[in-house]
């Protein structure tokens, strides 16, 4: 997809790492990209879990970060729900229902968004605190950047959301 | 209220079904409509609970959806709080405090918003997964639509929020 | 910092009172102000906790508000986390990690935002329900206002977020 100054822009900050919220964020991003808009998603804090590889090395990390990494499992298939998580029963039930309604899961949504040219940015300010290095994230992240990059994009965008 | 191309637009995605967040969303919508703006609210995921009838039939639904419907009680009077829900004690306390300060509850806010011409859209993408059919929602929903309709509105709106 | 009609505007509604979300809100506000934008933060519901003095008097308040005030501790140093709060262990761990990465805490972020001219508004509609009077909030709140003031700002802003 051609990127130019004349395309209307959209930014979505993905702060939350919960499956349901992340799905909403991707659906908006995909809808906007399908409508010919230029979409940027900025993953920060818990949202970084979406970009995490399923298995991440804990080498060279301190004990606090290891505990945190253990609690805060990432990867598109391991996201909790914002309500009725019930130790994983909720997401399992929702995935079954989604399958029945032919709704794509987070991994599929991510691929579709990438195919449509949605730009994925990992927030460098929060990666450290979340115990994540570049090697812990999936290979096809488009950019590692901070808030100034976001502001530049959002300032000229038609739609800006915080999820 | 007359609707035209020249009115400034507002969109609010109501993703959350918690009483406090929903109240915030309605207060913004009502404030904007009172200021002469054209407001659209898109209810999706847990936000669909706001549009649910108090009693909904569980006929012809699978077991998973019935469990989900049982857990996820809807209706404007049954929304939980995002914090200090305490099995319903929190909302009860907050409702008492709201009464003391003459703050309208969700049902009242919904009516006021409707009177001011706020357009209520139920998200068709998530209704199925939430176990809801059109017959489960209140009669005065203005539209059943998905993300493309939202993007079209949001693209030309002055204020877009995700609650 | 000079304020004029020609500066691009940003509004951030801080609804949530959780440390991580509040930090995200401040980082955006500070980034925007550093980029020469005119930023307004509207603190409402749990977000009002950010503006609370550490100790607040409970004189002349009803029993419900006292219980609520007791549960809902405020002050920039006492905010919980949106996930893994674990009765305060989460925020403690995160603060340690933040220190290691030289990330400023909420109090520091608040001061920096003030220095950059970010306008802080306390939402008068929700102060009562949250059991807060003007005397309970820090002295340097810029304005006490409601949704109409917010709509006026947001309507002409380039970036509007709900956190």
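We call the chains A, B and C, going by the order they appear; numbering starts again at 1 in every chain.
In the analysis below, a contact is a pair of C-beta atoms (placed from the backbone, for glycine too) under 8 Å apart; a residue touches a chain by one contact, two chains touch by 3 or more.
Because the structure is a prediction, the values reported are computed rather than measured.
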Topology of the chain contact graph, where touching chains are joined (line, ring, star, complete, other): complete
Classification of the chain B:chain C interface as same or different, half of numbers criterion: different
Rounded Å distance, chain B centre to chain C centre (Cα mean): 25
Shared-contact residues (touching 2 or more other chains) in chain C: 160-162
Parts of chain C lying in touch with chain A, wherever the complex brings them together: 8, 20-21, 24, 27-28, 30-32, 34-35, 37, 82-84, 93-94, 96-98, 100-101, 103, 158-163
Residues of chain A that touch chain C when the two form their complex: 13, 15-17, 44-46, 62, 64-65, 67-68, 71-72, 125, 128-129, 131, 146-148, 150-152, 154-157, 160-162
